[in-house]
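Here it is, the structure in full.
When the chains are written out, they are named A, B, C, D and E in that same order, and each has its own residue count from 1.
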Amino acid sequence: GTSGSAGDGSEEGSGGGGSEEGDGDAGQTGGSASGGSDETVRVGLVAEPASLDFTTTDGAAIPQLLLDNVYETLVTVDVETGEIVPALATDWEVSEDRLTYTFTLEEGVTFSDGSEFTAEDAAFSLERVSSDAWTISLAAQLDVVESVEAVDDTTLEVTLAQPSNSFLYALTTRVGAMFDTEGVDDLADEAIGTGPYTFESWDRGSMVTLERNPDYHGDAPYFATVEMRYFQDANALNNAMLTDAIDVVGTVQAPESLAEFEEGDFQIVEGTTNGEVVLSMNQQEGNPLADPALREAVRHAIDHQSLLDTCWAGRGELIGSMVPPTDPWYEDRTGDFPFDPARAEELIAEAGAEGTELRLRIPTLPYAVSCGTVVESMLEDVGLEVTIDELEFPAAWLETVFTNKDFDMSIVAHVEPRDMANVFGSPDYYTTYGTEEIQTLFEEADTGTEEEQVTKLQEAAALISEEAAADFLFLLPNLMVADPDITGLPTNAIKESFDLGDLARG
Amino acid sequence: MTDAGQAPAGGSRGRRLNPSLLVGGAIVALVVGLALLSYVWTPYAPMRVLPVEPYQTPNVEHWLGTDRLRRDVLTQILVGARTTLFVGFVAVGVAALVGVPLGILAAMSPGWLGQLVMRSNDVLLAFPALLLAIMFAALYGGSTRVAMIAIGIATIPAFARITRSGALGVMRTEYVVAARSAGRSPLGIAVRHVMPNVAGLVIVQASVSFAIAILAEAALAYLGLGTPTGQASWGRMLYEAQTTLRSAPHLALIPGAAIALSVLGFNLFGDGLRDWLDPRLEDR
Amino acid sequence: MTDTPAIELREVCRDFRRPRTSLREAPPVVRAVRDVSLTIGRGERFGIVGESGSGKSTLLRLLCGLDRPTSGEILVEGRSIGDQPARRLGWLRRRLQLVFQDPMSSLDPRLRVHDIIAEPLVSQGIGGDHADRVGELLEQVGLDREAARRYPHQFSGGQRQRISVARALAPDPDILVMDEPVSALDVSVRAQVLNLVDEIVDGLDLTLVFVSHDLSVVRHVCDRVAVMRAGEVVETGETERLFAEPRHDYTASLVAAIPDLHTALAGRTAQDLARGVGPTS
Amino acid sequence: MVLRLLHRAMVFVLSVLAASVLVFAFMRVLPGDPARVALGINASDDAVAALREQFGLDRPVVVQYLDWMRGMLTLDPGIEFISKAAIGPQIADRLQVTLILVTTSMVLAVLVAVPVGIWMAVRHRHVDGVVMSAASQVGVAIPAFLAGIVLISVFAVRLGWVPSGGWAVPAQDPVGFLQRLVLPSVALAGVQAAVLARYVRSAVLDVLREDYLRTARAKGLRPVQALWRHGLRNAAVPVVTVLGLQLATLLVGAVVIERVFVIPGLGSLLLDSVAQREILTVQTVVMVLVVATLLITFLVDALYLVIDPRLRTGSR
Amino acid sequence: MSGAGDRAVLAVEGLDVGTGHTPLLHDVSFAIGRGERVGLIGESGSGKSLTALAVMGLLGEGLHARGDVRLSGRTPATRNLLDVGEREMARLRGDAVSMVFQEPMTALNPTMRVGAQVAEVMRIHGTRDKAGARVRAVELLDQVGLPDPAHLARSYPHELSGGQRQRVVLAIALANDPALLICDEPTTALDVTVQATVLDLVVRGVQERDAAMLFITHDLAVVATVCERVLVMYGGRIVEAGPVGEVFTDPRHRYTQGLVGASDLAGEQGRRGRGALPTIPGTVPPAGRFPDGCVFRSRCGHATEECATLPGWTARAGAEEQQGSVPGEAGRAAGYACFHPAGDAA
């Protein structure tokens, strides 16, 4: 798999410490190197993709299924360390002015339709992101790219308009996926990539089947077939696991049900994710929460530990800001607004906001619904009036909260990696924050050196927290349940993909 | 020769109450009582997350235990009765308010108008509550209101039909002809004669529809299209209890029993009422 | 003006359209009343007899302005009722009132007797002390004033028929129309109601139109009779004459088929009835 | 009779048309732009507009309606906006699943409800009849999904006799198919049977009071024989009505059970499409359900003519 | 029992019928001989239908009958029908004893062709094979005077008029040549001319078969036309019995007297002058509310304290002579139960 080869010469592009983690990684995946069985593994998940085309359809389900499994990227993230490591590019160099990236591509890689993967394909794929073909908003991540050139079959040169620290990282996400020049005609139904698995079939409403790619350039994956089975709710998923209809629960949606698995013959994997559960506060002019004091009161009013214990069975991590511990600029900010209902009431009284009515409009997602109830209770304890509306996710929530900003508070997990700038960088975004100060910080972080990036983003995270731009309820855990003999599960879900390459039994 | 001579003994007033009516009435009264009680007293603040252990089984402090989010189950059951009754009342109210006049209109206008009303009614019949609720939820998101209105609209045909058939019967009676020849206007006849005489049928239908509405609400809550979190609802409780069905079965059983019991109550009540109002059963 | 007849029918027809039974043929038409011309004088006791489906009730509905003739003209006390909308028939409602067959279904079970009897007064906006008027009417038909507070189901068939009569008398009509008023009653009660009708028609000087399929009853009550068959009036005449020497064959067969206690005891058998062998033979 | 059928058929067609306008109009007022959902959180308005155009959502409403109707009539309602999958075959697949589930449970329900209902009616004054009647009342009161959840918990999770859900194509995996069919059918059938049995009971009770049943007994038939030969056919009319209604509601109502048992039926397709704002799919599925319902009503009506000769002549 | 008892087709002795709480029939006793036509009259609610149903064993659930009902004809009258099981009773119904009901509109199964309904009764009792029953059904329909019987046999009940339906019912009742035919107001719902034909058919039908007939009606003129003997019922009791001519010209019981007076609209000399009709005051009380003693005393102008005790059966003078045709319990054939009979009081 992709992270299996991480140990080899990745020093160029990423920070230090990669090799150490890489070893561990390689050791863990040793089982899969044994070369392949004809077994099938059945992975249960909750959200079925609407299409196979992540270039035009948003949502986490498609990259979760296809990225790193069918499509590969030039570089990828080590899920243990959060560092960028080689994938289809064995090596890369960054020019002095940090504008030119030269990737050396692996040789002998073929697409599942038989054609060879060359720098031509890579250039095609990256250029395509900036074209009209990509319609999803995430494509903007590569706006910084000025030109792409295939120097020879294995050398790709990318020129940026300005230095960008997030560029390389962006290449690890779906926008960095490598397509075949001939393989993009029917992306909605067909997926042609270089990954360890090939797309086999899609039985809409129940499952997608992937087959082992016989010509895979890396180590052949253990399982010959992967069935990604989709369930509409957590309970059905649990039942399937309990009755051995699946081998792995990809994401546990109801942590309270883990108790049931703890009793049985199952392994429970707990890791971390990029999913910050954000209690957003509409601070547009005229809204009650435009008053920073009230926002601070909200942050003080919430007992985060108790909330986590209640609504997510204590699984997950507390974070005080928009940075998960796996990001290099992580700082513990949980102390910024300690649980202090007295202080909250004081702040509310000072603001003259006793009994303010707040509309908490949450999407119909399990964590949001659970947390919403708890948040409501906690805020009412300090004298605010909260009404909860559940909005169907995605459509109704997007329309009401996201587009029309018709809400006071909402709860949603932002699962994209390194999305702090995205979420808090613009006043037009639904978080309605994006002060000029923060925008400058993000700008500087992206264009500055790597060290600057870290410090600026730390500053930004601190600012966001201190100004109570939002409250950060907790970081979603990556919870998986699997048969006890399944190995190679991606413990941390900090990538967009659900990496299947290392899965093995034994 | 008809049974004219028996008349003094007949009439609904002299009829004996049947067990269905009594048991059903008692259950309905209980549910209504619980709902009313919840306005003046609940063991804990409604829907409040309490600083106690979750998943408690029934005990002295929490008579019906606590749920995953550390809320008192009894409180939720009490307040949930309110939601249940509210949904039922509004749904049945909407259905009756629209369906009954439509049925009467259809019965009283023999021509194309009556036909049109009944045919439209049949078209509406093709949209069951669940389908409407799914459609409405897409429009407005799932909420108690959507559930009520969807169930209400879907129940209109039932009321229109039963009212029409009852009203047709009334329109054939001689007292309606007598009223016409006494100079009553059609509206006067509708109000003075038809409505009171179909009231029995409508009440029976209302009781049965009420039961159906309770079930529909529960089903909608299960699909996530009904009462949202933050409001107590039996359907919602049941839905939320699913993931801990085996570790904390009481969280599912209690609201499940509450739903089943009140549906049973309204059904029995409706059946009993029907028997009580049906003179044919009297002499047999 | 006194010599204008109470009711005059001029070539009255009423057709009912039945649902289509075939695509090609026109929908069948039931001619419930055809070309009926009748004159009923003031103070007359006029009977209409005929078998089931012969159009008696339809004719009555036309008379009472409850239905429209397909063609022809109907005059009540000289005024035409055919071409007026129902709203404008107030005067007719005051002049002419109806009593129905079924003592169970002709009174609204949900209304108190008072409201039932006062209904014509209320509907026609007739003022005055209704309670008093109702009490008066109840006494007139031989019921207690107390009865006003009770519901119809608390009365027997005969009593209910009395209430019907009281209701009909409420607006002080000149014409009383009765559709089979005794055919649902037991013989003993039937006699009571017939006596009451007798008494009231005489006492109030009413014109009576009395419909029945029971020829013996019509014979007892009426001075003049019209015999209907299949929507047509086949014969009209003085009751006694018509029974004694029917001119139309149909009338004859009808008369012959009436079972009669005296002739039966005299030996007339069922076979005689069926063969139309008259009482005299 | 032919005329009456023609008349009903005409009513059916008109109803379908009326329903199609309703459904179409409804879908146009749905908030939540499918283009926006497809493009996601940060899409620009231009991109959304472009996609709307690509989806054909910018055309006049009448054109869209006619286009859709033509698609429906040619059994090719088009492709989905987002997944680009053809809608027709998808619906056909899902409908097949739902139909199998619904008919199986209806058949089960009828097999149980008819004898039980008759029994309850005939023995309505006896202890067993009353007990059965009470049991059926309780059966009616239990939400189907609760029954489903409990069945799964007991028979799938605890006992492990059958899978907890999912679906198998009968031709490929007959055993798996049957195994997966059992619990959902039983869950659906149980509640339906309880409802149906109550209707059978009351229809039979009504018939038992009819004069012709007394005539039949006066001819020398014993009560059960009389009921069998003369009563059941007459009791069938109200029962068939209810059966039709149940079948119709079940087409949609099965969605709950489909959810519980993770069955890829039409109802789940509807829910998913609503969530994705696949308007075309939603309105087509709704239309299919509505047409099916109206068709059932029409067939039930036709069935009346077979059962009850009184209805065959023009008059009622 | 006298030798005449053998000639009684139906002998009812001390029949009581009631629900759990309310007695409805008391001590009903009568007998009908072969070829005899007996009328049963009385106002609504007097218990006429109950009597018939009790004999047929068709009382509704919740009603109990006690007493002795014996039927002979084809089978010897050895067994009390009230003790006979349902299976055996069913064998008698439609065969040895059959019944015509009041409502022709509802008495036939609407979903079955009338020919089949006629044939069925023969198939049930095995009197004909399938084909034979079909042929015989058409014959019977012809016998009851239906036009084009072969075609009509293929119709459904709703395609026939009320009179035609009642003839079909009659054909069913006569199909197996019953020894006893019970008619419960068979012509009340019919027009006079149709009534005349149906009455004629009924009488001819029983005469041809030499069957006994119990004919229930509330119309005195019809009884007088059809029957030889009449039983007058009131409040669940037979209050008077006797030959039609005697009972109607010289009623003894005060109830009979009132009934005859009230129904005699035409009077003896044709149309009555517009004088008041004689009436019976009040109305028939509902079941179970009849007074003790003489059931009629609450409406009787002649009632005295004595009437509070049950009046015994008084045989009509000269009843002994008529005894010849009347089998069974002597005395009950012609007589009355009244302390102040008409005629005596005068």
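Basically, a residue touches a chain if its C-beta (ideal position, glycine included) is under 8 Å from a C-beta of that chain, and two chains touch if they have at least 3 such contacts.
Labels paired with UniProt names: B = Peptide ABC transporter permease; C = Diguanylate cyclase; D = ABC transporter permease; E = Dipeptide/oligopeptide/nickel ABC transporter ATP-binding protein.
Being a predicted model, the structure only gives us computed values, none of them experimental.
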Steps in the shortest chain-to-chain touch route ending at chain D and beginning at chain B: 1
Identity of the chain that, by mean CA position, is farthest from chain A: E
Computed distance of Cα centres, chain B from chain A, in Å: 47
Centre-of-Cα separation between chain E and chain D, whole angstrom: 53
Inter-chain centre distance, chain B versus chain C - centres from mean C-alpha coordinates, in Å: 46
Averaged-CA centre spacing for the pair chain E and chain A, given as whole angstrom: 92
Sequence positions of chain B contacting 2 or more other chains: 1-2, 4-5, 8, 137-138, 242, 245-246, 284
Multi-chain contact residues (two or more partners), chain A: 235, 392, 395-396, 400
Contacts with 2+ other chains: residues of chain C: 156-158, 186, 189
Touch list for chain D against partner chain E, complex: 125, 210-212, 214-223, 229-230, 233-234, 307-310, 313
Touch list for chain E against partner chain C, complex: 43-44, 162, 191-197, 199-200, 202-204, 218-222, 224-226, 244-245, 248-249, 258-266, 268, 270-272, 274, 276-280, 283-284
Residues on chain D engaged by chain B in the complex (per definition of touch): 11, 14-15, 18-19, 22, 26, 29-32, 137-138, 140-146, 149, 153, 157, 209, 245, 248-249, 252-253, 255-256, 259, 270-271, 274, 277, 282, 286, 289-290, 293-294, 297
Contact footprint of chain E on chain C as seen in their complex: 51-52, 156-159, 186-192, 194-195, 198, 202, 213-217, 219-220, 239-240, 243, 253-254, 256-262, 264-265, 268-271, 273-275
Residue ranges of chain A touching chain B (in the complex, touch as defined): 234-235, 238, 254, 256-257, 259-260, 306, 310-311, 362, 364, 369-370, 372-374, 376-378, 380, 387-392, 395-396, 400
